[in-house]
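Okay, got some structures for you below.
Each of the next two complexes has chain A plus one other chain: chain B in the first, chain C in the second.
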Partner chain A sequence: MRTWQTNIATLVILVFFLVAPFLFPNNMSQLSDLMIFILIALAWDMLGGQMGYNSFGNVLFFGIGMYIVASSEVILGGFKLAEYTSAMGGNQGSFILTPSQYLIGFGVGIALASIINFFLGLLIGSQFLQMRGHYFAITTLAIGVAAAEVARSIPIIGAGSGMNFPQPPDGVPLFHILYYMGLALVVLFFIFLSWLYKTRFGFIMNAIRDDEDKAESMGLPTASIKSTAWAISAFVFAYAGALYGSAKNFIDPSEVAFPFTTIGVWMILMAIMGGMGTIWGPIIGAIVFQIFKELFWTYLFGWQRVALGLLIVIIVVFFPDGIMGAFNNWKKRRNLQNTAKAKT
Partner chain B sequence: MNQILSNLELLKIAPLINLELLVNGLLVGSIFALIAYGMALVWGVMDIINVAQGAFVILGGYAAFYFINFASNLFPAASPIIWVILSIPIAAAAVALFSYLVFASVISRILNRDLFVSLLATFGIELVLQQLMNQVFTAEDRIIDSGLATISMFQYQVNIPGSRLLGAGLGIATAIVIVLIMRYSRFGQAIRATSQNARAAGIMGIDTNKIYALTFALNGAICGVAGSIVAFVFIIHPFQGVIYTLRSFAIVILAGLGNIAAVILAGLGLAIYENFAGFIFGPQLQNAFVFLIVPVVLLIRMYIMRRQRKYLE
Partner chain C sequence: MSEIILEIKNVSKSYGGVIANQNISINVPKGKITGLIGPNGSGKSTLFGSVVGNHPINSGTIKYKGKEISHMRVGEIARLGLLRTFQQTRIYGEMDGVKNMLISRPIRHHNLMPSFHRPHKDDYEKANSLLDFVGLSSKKHLLAGSLSFGQQKLLEFAMALMNEPEMLLLDEPTAGINPTLINGLIDRLKAANEEFGVTLFVIEHNMRVIMNLAEEIHVLANGKLLSSGSPEEIQNDPRVIEAYLGGH
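The block that comes next holds the complex of A and B.
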C-alpha cells in the first residue's frame, strides 16, 4: 500500500543518496560497498524472501562477473590475459591503460558479465532449482565453495594467487563511478521489483514459497518462474560483483570472488536484519548492516569478527522478523487498537 | 594433459604408489570420518547443521596442546606418547562442556526452526570462536610432536607417517566406542528413538530436550577427540577450522542425510578419491575435486529421484 508518507520517504532517501558523495567525500569506498550490499540483499531476497529458496550460492555469479570484468579490461586494453596474469607479481608497470581504454573495458565487461550470468543463471537454475528446501540450500553452498576451489586451479585467471584489476588510470574517479553505477541499478531494480511483486509473476513466486506442490497442481509454471527469478538475481549479482571487484582492485578466489564466508552470509543476514519478503527490508538491512560492520571494523579491530558473529547469532535467534517485520507488527497492532477504539 | 597422462603412467609403472595413496587416504579419511560422524549425528537427531564443527575441533586441539605442554613440563621424563593419549579424554571433556554451554545458550533456542537458521546461527558461533581463539591463543601454528617416526616399506616406495597411523588408530577406536554406545546403551537407544520420531519418543517418556543437549555434548566430545588427533597429525591454527567443517559437510552429504553408518564409508572413500585425484591431476586441483563432487552427486541423486516423480527435500 503506497501512501504519501512512503512516497516522500522514498524521495528523501533517493535525494540523500544522490548527494551523499558530496556529504561524505572521504567515505567513498564504504558508500560504494553500501550500494553493492543493497543490490545483493535485494537480489537475494527475491529468491530467499519472496520465493522461499534460501540460496547460499549466489556468490557464484558474483565471482564470475568479477572475473569477466577484469578479463575484459585487460583484453580490451590490448593485452594478452595469460601474459598479464603471469606477470602479475612484479611489473604491473608495463600494463597501463588509458582512461578511455579502462572505461570501455569496464563498461563492456559489466554488460557482458551481467548478460552471460543471466543465461548461466537460467541454465543452472533450471537444474538445481528442482531441489527443494534443505537440499537446495546445501547444494548452493557446495557450489559456492566448489567455485572458489575451481577458480583457485585455473592458471589463466591467476589461480590461487588471484588476479589484479588493471590499475585505474589517473583522473578516473573510480569510486564515484562505482557508486553512481550501483545507485543507478539500485533505483532501477527497486522500481522493477516493486512492479514485479504486484504482477502475476510475483504472486506465483509467493505461491511457490507458501506451497510449491499446490502451486504446481494449480497449473502454474513453477519451473520456468523459478529459473527466471534466479536468472534475474544472477544478473544483479554479476553486476554487483563487477563493482565490488573493481572497488577492491584485486580478486582473490575465496576472499573476494567467491566469498562464501563473508558476502555469501552477509547477503542473507542483511535480508533477515531488514525483514525477509519485504521490499524495503533488504535496503534497510543493508544500510544498518554496513553501519554496524564499519563501526566494528573501525572501533573493535581485532575483535570485529567476534562482534559480527555475536550480531549474527542475536539477529538470527532473537529477531528473525527483522526491522520491517517489527515495524509491520507494530502497525498491525496499532490498526487493531484503532478499530477497537472506533467500535467503542 | 601430458602431465596427467604421465602421472597415470607412473601409477602403472610403480604400483606401490597406489598402495601409498590408498593407505594414506584411509588414515586421513578415518580422522575426517570421525568429525563428520559427529556432524551427521547432530544433523540427524536435531536437524541442525553445526557449521561451528571445525572451530570445536580446533578448540579440542588447543585443549590437548596446553594439557600436553603443562604435563610434560611437570614430568619431563615421560614419553610424549603417554601425554598424547591422555590428552584425548581431557580435550573431549573440555569441548563437550563447552558445546553444552553453546547448546544451552543458542542451539536450544533454534531447535524447532528452519535448518537454514541453524546454518546461520552456528556460522556466527564459528566466527566468534575463530577470532576469540586467535586473540587468546595467538595466530601461531601449533603442533604436538608425537615423537613417532615415518614408517617406510618397500625401499621407501611406501611411506606412512607414524603419527598418522596413531591418529587413525585412535580415531577408529573412538568411532567403535561411539557406535557401541549408540547401539547398545540406553542413552544411544534414546538418541536413535528421538531422531526417528521426537514426538513419539517424548510420549514414551524420553526427555527429548535432555537428549538433544546430550547429543550436542557428545558431538563436542567427538570434536575434542578429533581435535587432539589433529593437533599431532596436522597443525592447529585458529582459522583452520573451516577446512574440517567443509570436509565433514561434504562427507555427510555424500553419505546421504540420516544415514549415519554410511558416513564412515563416505569419509574414507572421499579421502581416497581425493588422494588419487590430487596425485593424477596435480595437488592444486585436489580441493576442487573434493568440492565439485558434492553438487555432482546431488544432481545425480536428484535425477534418479525425478524418475520416481519425487524431489530432493
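The block that comes next holds the complex of A and C.
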C-alpha cells in the first residue's frame, strides 16, 4: 500500500477506536480487552516476530504488573496491604476508596508497574536471552508456571486465594478509563514501533532473527539489543496486565495473573494469525481473534474452545504467513503480473 | 619488512581426541593478501574460527595488532576490525540486499544510542556503491535468501567491506561462484586490498585463484603447518604436492 493510503487507513482505524465506546456502549469490557490484546500481541511480536525469540514467559510481567497496581491502589488508599488481603472475602466493606484515592492509586500503580518491569526485564533478559531456540522457549514457559506458584506462596498478595482489586468507587467509569488508557498506549506503542523498526536497532533485531551468529560475528551488540527489546516488551506487558487485572477486578495467580494457557498462548496466536514480523499483523490478529472469541463464547458456549482451535487451524493452514503475510504475498503477485503485462 | 597485523603463535586446538590444529605459528603482514591452503580436514577453518573467537584454543596465543585476542568473544574481536566470512554463506535471508548492507555498518563500542537512528543518506550511498562494487546492483532489492549461492557469497563479501574491517578472513570466497565470474572476483578482492587497505587472509581450494591472489601462502596438512612461502615456492614444494596428491 502506498504511504498516503496507509496513513488514511491508520487515521480511519484510529477515529473508529476513539468513537467505539459511543458506538458499542454495552461492550466496554470486550473493547478494553481488545486494547489489551493488541498491546500484548504487538509486544510479543517484537520478540517473536521481529527478533525470532519465541517466548512464553511474558506473562511474568503481565502478572507482576497486575499485583503492583492492585497493591498501589490499596496502599495509596491508606490501607495496609497485609490487612487488606487477609480480610478479603469477608470484610471488603471496610476498604472503600474515594474516587481520587482510587485514581491516584491506579495511575501511580500502572506507572510503577511498567517502570519496575522494564528494569526487571533488563535484569532477567540479560540472563535468559543467552539461551536460544527451544531452550529459550521452554525456559520462559517454566518462568510463567513458576511465577504462578511463587505468587501462591506469598500471603501479603493473597497467596493461593488470590487478591481482589479495591472496588471502583461510584462515578468512576472504570471500563472507559481502561479502554482509553489501553488505546493511548496502543497508539504510542504503534508509533514507537513504526519508528523503531526503521532504525538500526530494528534492523539488528531482524538480523538476530535471521542469523544471530552472523550478527555477532559482525560485531553487532546483540546481547544489549535483545535485553533492551525484552525490557520494552516487559514494560508493555506490565501495563497491559495492570489494565487486565483491573478489568477482571480479581487476581487469581494462575487464571488471571500468570495465565499461560490463555493469555500466554493467545499472545502468540494473535501475532501468528495477523502475520508475525509485521507492524499491522499483531493488531489485525488481535482484532480478528477478539471478534471470533466473543462470537464463539456467546453463540457456541461449551464448544467455544473447539471452535477457536478450528479457526486457528484454518488460519495456519490456509494463511501460514498470517493475514498480513497473505495480503503482502497477494500484493507481490499483483505487482509481478502488472510488470509482466507492462512488458508485453 | 611489513608490520605484522595478526600473530598466531603455537596455537593448538582439539575436539575431544581429534587434533584440528597442532602448534601452528603464522604471521600475517598488514596490508597484504595471505593465503591458507590445505586438503580437506587439514584444520584451515578451525584456525579461522580460533582467530575470530568462535571457539577457545587449547594452547598458544593469538595477537591482533599486538593485542592478545585468544580469550576474547566473537563480537569483541569483530569490533576491533577483524572479521571473517564463512564457507557456507551467512546472510540475513529474510531481508533485501540493501538492508543486509545497512545492518553491517560498523559498531566499535557498546553504546546503544547510535542504534536508535535511521540509516543516513551516506549509509545508503555506501551500501549501493559496495553492492555495485561486487556486481549486485541489479539484485539489491531482492530478498538475500532468494539469491544464488554465488551471489550470496558476493553479498557476504560486500557486507564485510561495509563493516570497514582492517583485516578480513575469507573462507573459500570463490566456492560456488560461476567460473566465468571468478576472474572478476579476484579483481575485486585485490581492489578491496589495495583501495580500501583491507588485509586479507584467504582460505581457498582453487589453486589458480590463490596463486594469483596471495603474496604469501601457508599450507596446513593434518592440523600442522606444512609449509610457508611465496606462491612459486609453494607450487614447487614437494611436501605440498605430496599432501595434495598423496604419497604414492
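The criterion applied here is as follows: the second predicted complex is superposed on the first by the 335 of 344 C-alpha atoms of A that agree within 3 Å, B and C clash if a C-alpha of one lies under 4 Å from a C-alpha of the other, contacts with A are read in each partner's own complex, and residues count from 1 in each chain.
The rule is simple: a contact is a pair of C-beta atoms (placed from the backbone, for glycine too) under 8 Å apart; a residue touches a chain by one contact, two chains touch by 3 or more.
Note that this is a predicted model, so its numbers are computed, not measured.
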Three-chain arrangement built on chain A, chain B and chain C clash or fit: fit
First (chain B), second (chain C), both or neither touched by A:171: neither
Which superposed partner A:306 touches (first chain B, second chain C, both, neither): first
First (chain B), second (chain C), both or neither touched by A:220: second
Superposed arrangement, angle subtended at the Cα centre of chain A by chain B and chain C, nearest 10 degrees: 80
Which of chain B and chain C A:228 touches, first, second, both or neither: second
Overlay on shared chain A, then closest C-alpha pair between chain B and chain C (Å): 6
Residue numbers on chain C that touch chain A, as the complex places them: 52, 54, 74-75, 78-79, 83-84, 86, 90-95, 99, 102-108, 110, 112, 114-119, 159-160, 163
Of all residues in chain A, those that touch chain B in their complex: 54, 56, 127-128, 130-135, 137-139, 141-143, 145-146, 149-150, 152-153, 159-160, 261, 265, 268-269, 272, 302-306, 308-313, 316-318, 320
Residue ranges of chain B touching chain A (in the complex, touch as defined): 49, 106, 109-110, 113-117, 119-121, 123-132, 135, 242, 246, 249-250, 253, 257, 284-285, 287-288, 290-292, 294-295, 298-299, 302, 306, 311-313
Contact footprint of chain C on chain A as seen in their complex: 196, 198-201, 203-204, 206-207, 209-211, 213-225, 228, 277
